[in-house]
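Chain nomenclature is as follows: A, B and C, assigned in order of appearance, with residue numbering initiated at 1 for each chain independently.
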Amino acid sequence: MVELLGVRKRYGEVVAVDGVDLGLKEGEFFTLLGPSGCGKTTTLRLVAGFEAPDAGEVRIGGERVNALPPERRPIGMVFQNYALFPNMTVFGNVAFPLRLKGLPEREVRRKVGTLLEMVHLVGLEGRYPKELSGGQQQRVALARALAREPKVLLLDEPLSALDAKIREELRGELKRLQRETGLTTLYVTHDQEEALALSDRIAVMREGRVEHLGTPREIYEEPATPFVAAFVGTGVLVPGEAREGLFHRDRPWPVRVKGEGPGFLLLRPERLRLEEGGFLEGTVVLATYLGSLVRLEVEVGGLVLKVDLPPGRVPALGQRVRLGLPEEAPFVREER
Amino acid sequence: MKRWLVVGLALGLGASLAQGVVLRALMEDVPETRIIEALLPEFERATGIRVEFEKVQYGAMHDKLVAQFLTPENAYDFLQVDFLWAGEFPAAGWLEPLESYVKASGFDLSVYYPSMLDLVGYYQGKLYMIPMYNYAMGLIYRKDLLERKDLKDRFQAQYKRPLALPRTLEEYVELSLFMAKNAGVSGAAMQGQRGDPNFMEFSNYLFAAGGDYVDRNWRVTLNSPQGEKALSLYARNIREAAPKGALNFNLDDTFRVMCQGQAFSMVTYWWMLPQLDDAKQCPKVAGKVALAPMPGGAGVNGGWGWAIPKNSRNKEAAWRFISWVESKEIVKKRALMGHAPTRKDAFQDPEVLRKYPYYRQAEAIIAKAKKVPIFAYTAEMEDVVGREISLAAAGRKAVKQALQDAAKGLEGLLRKAGLLR
Amino acid sequence: MGQRGVGWLLALPGLAVLGGVVGLPLLYALFLSLTGYSFLRPSYDWVGPARYQEAFRDPYFLHALGLTALYVAVTVGLTLVLALVLAVLLQQNLPWKGFHYFVVSLPMLIAPVGVGLIWKMILHPELGILSYLFGKVDFFGDARYALFSLALVDVWQQVSFAALVLLAGLRSLPKEPLEAAYVDGATPWQAFLRVTLPLLRPVLVVLLILQTLAEVRTYDLVYVLTRGGPGSATDLVSYYIYRKAFLGLDLSGASAMGYLLLLLTLALVAAYYRLLTRG
């Protein structure tokens, strides 16, 4: 549905997007994930048409759109700061794209009604944006983005300006709406949890390039690079070597890994346990209470490993503990 | 008797106490002021009195002076009074009467033309000013065009008389129209901008046609057959023989047009002649221009006078300066440096005449010049009458109606000033 | 002392200066306008509203008021439209941006009297460059064009300030609503009309107020370019009142006219202000 082929974009000295290849399937929820400055927003803006690529090709629905301005692309978009028209009511905002299309007023009313029902805003038609909460404003923005019946929905960090609770609520609704409408969706976020929860596929970006493209599960469980491993989820990267299927750090560890040569072992906190006679021994240096669990930090020979425990008997700070390793764990190496 | 004692005492004391006195004056920023400035060290050497000039553009002078008159102590010890203010300032009681000073110091008033003393000397019979500078108006014209063979022939054929300086106002306008049609230049560079420019210019036409604004008893005589003739001819000349834009021209504009050789004549201040005759400034017309009195009659008189404000702190020292700067010796020095004189003896001085031969015509102009009504509201009169002249010249009002309205406006001002009941 | 008290205390020096510099002269002028004071007879004899009644009976004053209304409408309207066009152009990513800014700010940096003199020469019907290029047009000498010519010169100067204010306004607008409009299918023109302009309204209204006030006070350009002529074709009210005061020496009459003008201007500003706060 959306394809990017070797797309590049630079602003003066800064290369924002450095040769990106992507393909979104019809009906897919696709996320661009990465820290700020990684090029994800520029990539989205290239799809929207606010920027023109310096090289490469952008296609929507099989059609090359490099030279098309945004208003001629079949897209809808939701912005981080809602971007509602402050001089128009809720109804006016949602009706705006429909009126531009020249629909008869009766049709406009009907459609706006349906859209506002979809985002649960019936009854607020007459309000102005400044009279709405952040969550409500973003629902209006969503309804407005859908009004034109776009082929692709673009979402630029739509939840990041909202409070945690509303963010989660709206996240669920976004997913539901996307599933109901079956709309191809390109989503940009720096929040890996959001990305994992929502996406069919994720592209993790770094310095203008796609570092790893895969399903949430693949990204989490088999990160392609140390960067992806560190950015997605929590974990500690233990430098070492893979040799004959086992991880070595001074000595062989009883952890099966894939690959061969120097690299990092990714130890996620939920995969480690406290265990009598565990392979590693260390000292508890920090315990953080997180409600549903307690995260211990244990110093082992110059490394600080993280271990999640059920809240209950928690070892005291300074106590010596032994850690049991998973039988198998991701092993990542620097490419290039 | 007591007063005379005081004055005498003051003059006597003044001579001894003058050391260290500094006189300040507001002066127009023109070459003449700089000429006087160059002579000031001489005055200081002779009297020990230092004189400082604050030089500003003409447009800023009036309001500055009025503001100082209204304060308890004037920042200026003496001043230059333009003839346009020569009614307003004395009427408001702002100027010191000078008779006693003249008598006490034996200053000779007989060296001035009566027309000058009438203009910037006396107001309602009392002496308030000493003439300083004259800018009466006359006709400046192009000699070369009057002598061109083809124009001579054509003029002769058309009017059955030789091409020559006009003797009447009708002849002048006729000639101006002829030049506009045949000589490839405008007939007259006219300053038609409403207010002072067109009022001054039109006044020459009015006087040349034998008309006047008021009679001896301040009764308005503007709305007369002579007035109608003057305004009709004025409007005709500006519409048919003047450069485009003349309805908004001021003195500078007319000078530029004349200087560029684009006009045959201009009715203007006589000091314009040396400006136009200057080969550096106006190479196109230098050597081709001449000065003559306004055809058919008197031109408008204009001038500046010295005066002392009533609220001056140094009246005696100020008078010493005035009597020095207007002395025969200094006036001649000024004249030789290019400052037009007002004293007859300077006009007739052989040395001065050798340097400035056209002073002969200038003297004739001054001797015959007539003044426009000078009273408290002269400036407003220029505005009111200027507006009506401009309306008539632009064809927005009939000549008769404009004259009638101008006369009515003038009468209102004279009434306001208490000159008419 | 409560918070309000402290607030008043802090505002006091400013209020005192404002009261001294603006308030007192205003009160004095009001007082003068009810007397027969003139420079020639500086006495405060009370005449009540007589000077106001006189002003209403003065056909040339009424003419000046009407002329000024026309003039303000023309200049403010033109200034705003041109400034908007310029501001939008300057906002684009043109090459030589600094140079364009400089050129646009230039008129603002010249004193109005200088502007008058420059344009006087440019529009000189005999010697001006415009007449040389396009044939002689009598810009200021023809009563039909004079007011319009004056307005053009004025707009030339005013548009500079107005364009920079609007540019600042445009720059401070959030970018997203405009982009949202594009995504919603709006052409640049539609987006400008339906999103940018409404967002810019507060700036436009403030500018409208500032420009109206500036134009009502137009005096220097008339002084330099036309002196109110030909006839009374450019006799704007501020210039008229100036002459009443300094040629007519009639300070009380001028004060009365000044007060009438002040009231009219206040009414206009109040109307604009409602435009700003509505919606």
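Criterion: contacts are C-beta pairs under 8 Å (C-beta built on N, C-alpha and C of every residue); 3 or more make two chains touch, one makes a residue touch a chain.
Here the structure is a predicted model, which means the values were calculated and not measured.
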Central chain (by mean CA position) = C
The chain pair joined by the most C-beta contacts is B-C
Quick one: report the Å distance separating chain B from chain C, using the average Cα coordinate of each chain.
-> 37
Where the centres are mean C-alpha positions, what is the separation of chain A from chain B, in Å?
-> 89
Expressed in whole Å, how far the mean CA point of chain A lies from that of chain C is 55
Residue ranges of chain B touching at least 2 other chains are none
Of chain C, residues touching chain A in the complex = 174, 176-177, 179-187, 190, 194-195, 198-199, 201, 279
Chain C residues touching chain B - in the complex, by the definition given at the top | 39-40, 42, 60, 124-127, 131, 136, 138-143, 146, 225-233, 235, 243, 246-249
Residues on chain B engaged by chain C in the complex (per definition of touch) | 62-63, 66, 70, 88, 91-92, 192-195, 197-198, 243-250, 253, 256-257, 260, 262, 376-377, 379-380, 382-383, 386-387, 390-391, 393-394, 396-397, 417
In the complex, chain A residues that touch chain C = 48-50, 69-71, 75-77, 79-87, 96-97, 100-101, 141, 144-145, 147-148, 154
